[in-house]
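Below is one structure, written out as structure tokens; the observations come after it.
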Amino acid sequence: MNVVYRNTPRAAAATVDGLAAFGVATVHEAQGRTGLLAPSLRPIYAGARIAGSAVTVSVAPCDNWMIHVAVEQCSPGDILVVAPTSFSDAGYFGELLGSSLQARGVRGLIIDAGVRDVRDLTAIAFPVWSKCVSAQGTVKETLGSVNVPVVCGGGLVNPGDIVIADDDGVCIVPRREAEATLAKCAAREEKEAAVRIRLKAGELGLDIYSMRERLAERGLVYRDATPDA
Amino acid sequence: MNVVYRNTPRAAAATVDGLAAFGVATVHEAQGRTGLLAPSLRPIYAGARIAGSAVTVSVAPCDNWMIHVAVEQCSPGDILVVAPTSFSDAGYFGELLGSSLQARGVRGLIIDAGVRDVRDLTAIAFPVWSKCVSAQGTVKETLGSVNVPVVCGGGLVNPGDIVIADDDGVCIVPRREAEATLAKCAAREEKEAAVRIRLKAGELGLDIYSMRERLAERGLVYRDATPDA
Amino acid sequence: MNVVYRNTPRAAAATVDGLAAFGVATVHEAQGRTGLLAPSLRPIYAGARIAGSAVTVSVAPCDNWMIHVAVEQCSPGDILVVAPTSFSDAGYFGELLGSSLQARGVRGLIIDAGVRDVRDLTAIAFPVWSKCVSAQGTVKETLGSVNVPVVCGGGLVNPGDIVIADDDGVCIVPRREAEATLAKCAAREEKEAAVRIRLKAGELGLDIYSMRERLAERGLVYRDATPDA
Amino acid sequence: MNVVYRNTPRAAAATVDGLAAFGVATVHEAQGRTGLLAPSLRPIYAGARIAGSAVTVSVAPCDNWMIHVAVEQCSPGDILVVAPTSFSDAGYFGELLGSSLQARGVRGLIIDAGVRDVRDLTAIAFPVWSKCVSAQGTVKETLGSVNVPVVCGGGLVNPGDIVIADDDGVCIVPRREAEATLAKCAAREEKEAAVRIRLKAGELGLDIYSMRERLAERGLVYRDATPDA
Amino acid sequence: MNVVYRNTPRAAAATVDGLAAFGVATVHEAQGRTGLLAPSLRPIYAGARIAGSAVTVSVAPCDNWMIHVAVEQCSPGDILVVAPTSFSDAGYFGELLGSSLQARGVRGLIIDAGVRDVRDLTAIAFPVWSKCVSAQGTVKETLGSVNVPVVCGGGLVNPGDIVIADDDGVCIVPRREAEATLAKCAAREEKEAAVRIRLKAGELGLDIYSMRERLAERGLVYRDATPDA
Amino acid sequence: MNVVYRNTPRAAAATVDGLAAFGVATVHEAQGRTGLLAPSLRPIYAGARIAGSAVTVSVAPCDNWMIHVAVEQCSPGDILVVAPTSFSDAGYFGELLGSSLQARGVRGLIIDAGVRDVRDLTAIAFPVWSKCVSAQGTVKETLGSVNVPVVCGGGLVNPGDIVIADDDGVCIVPRREAEATLAKCAAREEKEAAVRIRLKAGELGLDIYSMRERLAERGLVYRDATPDA
């Protein structure tokens, strides 16, 4: 059965925005190296970093009808997450839909398929992470669902999950773990800042992280290379 | 038999230039969602948008001899379309060939293989859509043909067809349909301009395109999500 | 057995820097079209062109421990070359390791896997050629080796080999052939400069390279295309 | 946190076995064209058709430790479903593990990675659906989890879900929908049997399914091909 | 516009059957190494070797409606060639359609997408060459065309072309060249039979084909390997 | 420069044959999980298991000339290992070359490209491991080398190395390590035989390998699943 779920719970705006500031790599590490979508999802332009609440869309292959339906379910601060039910690299989304979402305060699109009008989407600064760029048109014939769990880029996304996306890719944080993950991000960042200063001063990670003993225990051997004859 | 066809008919320059102005996504839609080459063909730099008459080249794998032959058959306003007869990701084309084509008024290259010297080609603003960037050299040992039908990026290209290429990919318009397609592009663009204004004002596509009734007929169900306990 | 080889011989700095000036395509051609790594290795940002002496790292899949070990073996002018022992697209390397290498004078990274923090690495101008961008974290559990021969991007890299990398990809020059290759690059470049002037003036490669006779011998046929009825 | 869930609920044996009899294509259609895993999962030998209750295993990349842990959680009639947390094509599973599972009554393995000893696994008739065959060894260093939800072959698998696998691939039926799906399979099969008899007698699907009118409404045109001159 | 062309001209049955006897590799060589479709098209079972006249079908992605339409246009001795207008790996074809085609004397299916019920299709000996095996269902919503030129597996197929398929893949012979190609096949086979006898007797291709002189001219050098110290 | 090295040293026949008996997975493990070529190399028919001394061939892309040259360098017990210098999936090898090699006592072919006539090669029982099956023809225009180091399937192969190939793939053992590896294989097999008996009797690997304590140390948690409400 094809259903549109309305009024899915979202995380607090401050939590979402806090996660955006840390970026994908830090959030992924902070939640125990989970939640990353496949690296095949790439941004259409460099430099964007966003976070938002997922409005998920399950679409029929080469059919973008449900994206139009999903627009109505979006609130400011949301990110649309679109996954076809069968592999497809067609172009489901272009500048008109981007303008429509932008008018509703949506922050970006994650799509496990293709996107088009990338020059125009870049011009209006609507960021998209997609499997490819493709102008291949789609139809409006088959129903799908909005705000159901979807598998996108090999990862599970539930409606209301927090989506973080930047040049490193896309990471998903389950809504109920958003607060805890935010706290872990802050702790991690603080530790890294201290390490960064020492590394830039020329200290070795081997010493900062005290790795030498464990390497020796495991049996790592050092030898001098054969000099030139 | 290996043949070079000379003096293939071209479309009128005004028609070709008119198609360039509309871009790949619009042209592809205007001709009934046909003609798009595979999304694996990507531009070496962003922002170029060209249209031109196809000079087609069928080359042996890892052999760029016939590209040299094809240069002589090019006129101002043409676009070279190169397809090897067996899969290859070598680099068949670099800055010297780009300079040579540019001197003859050629507008760009579409190649179902690799290209190199991308920094130099970018510097002289010679746009290329290719399957990959590769410096792997090629030889000049085996004949091919010029201005015969080729399959490039999974699509059929006849000599004299109009090639449109931009950040969204590459689209082919059969020469005899160029005028009609140009007219359809103008009609489509006009309609989209009106929709764009309404979408930016916050109206929903669901209403603008009158989709609600058909969605209901197909059985789409709306439900409220379970609120947080 | 897991070994770290220290003090591997390097080529003279002047030779290495000379090769950087010519770039990947020229070096690859000059050494007889050998040494190119797979085109799947792409730069994380455009415009960088570097050469350096290879410090090679064989790592366990999804384990970046040995990269930390390798940092200590790096000298100014080196380039790190990392290859996992089993296919992986995880993110083995980020901005902290980049800062650490940069503090030691390392010029860049070649990795047959993923990299993360690409925005930060771009900001500090530390160039990377990688198979993909991925934030997927790695562990520090399994030993590997440093400065052993590795296969990276489908090519063999020995420690101390000269690595040249730019927008066209990555090329490897065996250390003992570096001087000879440099000389061949200069000769090639000189010849190309003369050809470039003639091509830009509109001369044809067919004539500059005297191809017409050999094409005729092979049986190339010229025909006029059928004119429009 | 890494957890092993014990005693996950399973569907009734009769339901599971009933689904096996229908096979992947019928079950997938019966549950509304959902639940199919990616076609990259292929059987190591032709002809097997199994169904069972999923015991899911989330493993670290190139680490098969948790498979050993999972064996203990298996009961007769189960199918092991293994997914690494990062892309990998190593060989996590061979004949020894196959013999161990077979001794416990497990019916087969679904793995989104590689498998080895395929000759021996075939000899003992332990069926496997995997992404590839690879002898690449794995380690036992990093924990994972057993009987947590996993994404395998691009689809979500919950512990206790029913797995159906045959030459057409792998399909997942949520445990609570197993009974209903089984009933729909029977209805579908009955209908198909009647159609099969008519098709084999030479009747056309166009007539059996009454498609002609709807095709005409949509505007399908019939024309005679140009005869040979 | 969507059109079904009826009564497309076919080659003589004797010619078609003659080509089948020679197989894909010989036919491909005999027509100058052209006509081969991509190696991604693989047989669902080994050992079949067929030839027939192409009935081509252009289908919408994930929509198999037009295959039902095409059945009516098939005559005994035909082979169905199906290509979606956008990349898809869904399963467009199963045992019911196979039974229907077999009842009409169709010899097999070539499809640039997925197929299902492979066990049943094997049981009824209906051969299929497809991009993959997939049970993913399709819809019947969007029109396509029958007996128009299609690009399938990267090659152009016109209705009425002769399709040859065996364990080596799929090769297309233009209808008007079928007679000439058949004659060339016979000549080639005769020559190969003589060579085969000499090779099996231990003679070298180097001598049979008189390659030694040309190799020496090109500069091939023979050296003894360094013996073991 | 293109060179053919003659009379490369080979390992003792008894050592080579001993390795064949153990197969790919055991040999790969015995030499510390090294030497495996990429899983993209698959056998053209199931069930073959061979070992032999590598005669390596570096060929130009889509050019099989050097394979003819290499035949002369083969002795009974050898295996031909062919790698093109640029990616290619053409068909470099067919039944005639197979018959020729078989007449000289060669045991099989490993090729990082395509092969054709697979039905005939199967009939004469000449085993091949290749990247794909393809009938695409090749030329004889460009020199390569015989018995030089090549990278094949992502792994380094030196002439005279021992090649082991079976249904699990292809593994390379450096010639000087062949004896030692053979001894380790025997030791490993003995240990596994004892384990196999216990596993088939229903004992758990967790107990046989004493894993429970280390799992607990690492923090693995066991919980009961939530029972059905």
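Just a few scattered comments:
Just so it is clear, A, B, C, D, E and F label the chains in written order, and each chain counts residues from 1 on its own.
Following the convention adopted for this analysis, a contact is a pair of C-beta atoms (placed from the backbone, for glycine too) under 8 Å apart; a residue touches a chain by one contact, two chains touch by 3 or more.
Just so it is clear, the model here is predicted, and its values are computed rather than measured.
Looking at chain B and chain E, the chains in contact with each of them are A, F. Interface comparison, D-E versus A-E: the pair with the greater number of contacting C-beta pairs is D-E. Each chain gets a centre from the mean of its Cα atoms; for chain D and chain F, those two points are 30 Å apart.
Counting partners per residue, chain E has 1, 33, 87, 89, 136 as the residues that reach two or more other chains. Interface note: chains touch in the pairs A-B, A-C, A-D, A-E, B-C, B-E, B-F, C-D, C-F, D-E, D-F, E-F.
Only residues 1-9, 65, 68-69, 71-72, 89, 91, 94-97, 99-100, 102-104, 114, 116-119, 132-137, 140, 143, 147, 159 of chain B touch chain C when the two sit together in their complex. Touching chain C in their complex are the following residues of chain D: 60-62, 86-90, 136, 139, 141-142.
Those residues of chain A that touch chain C in the complex are listed here as 23-25, 28-29, 33, 36, 39, 42, 46-47, 49, 166-169, 171, 192, 195-196, 199-202, 204-206, 209, 211, 215, 218-225, 227-228. Across the complex, chain D is touched by residues 1, 32-34, 38, 85, 87, 149, 151, 154-156 of chain A.
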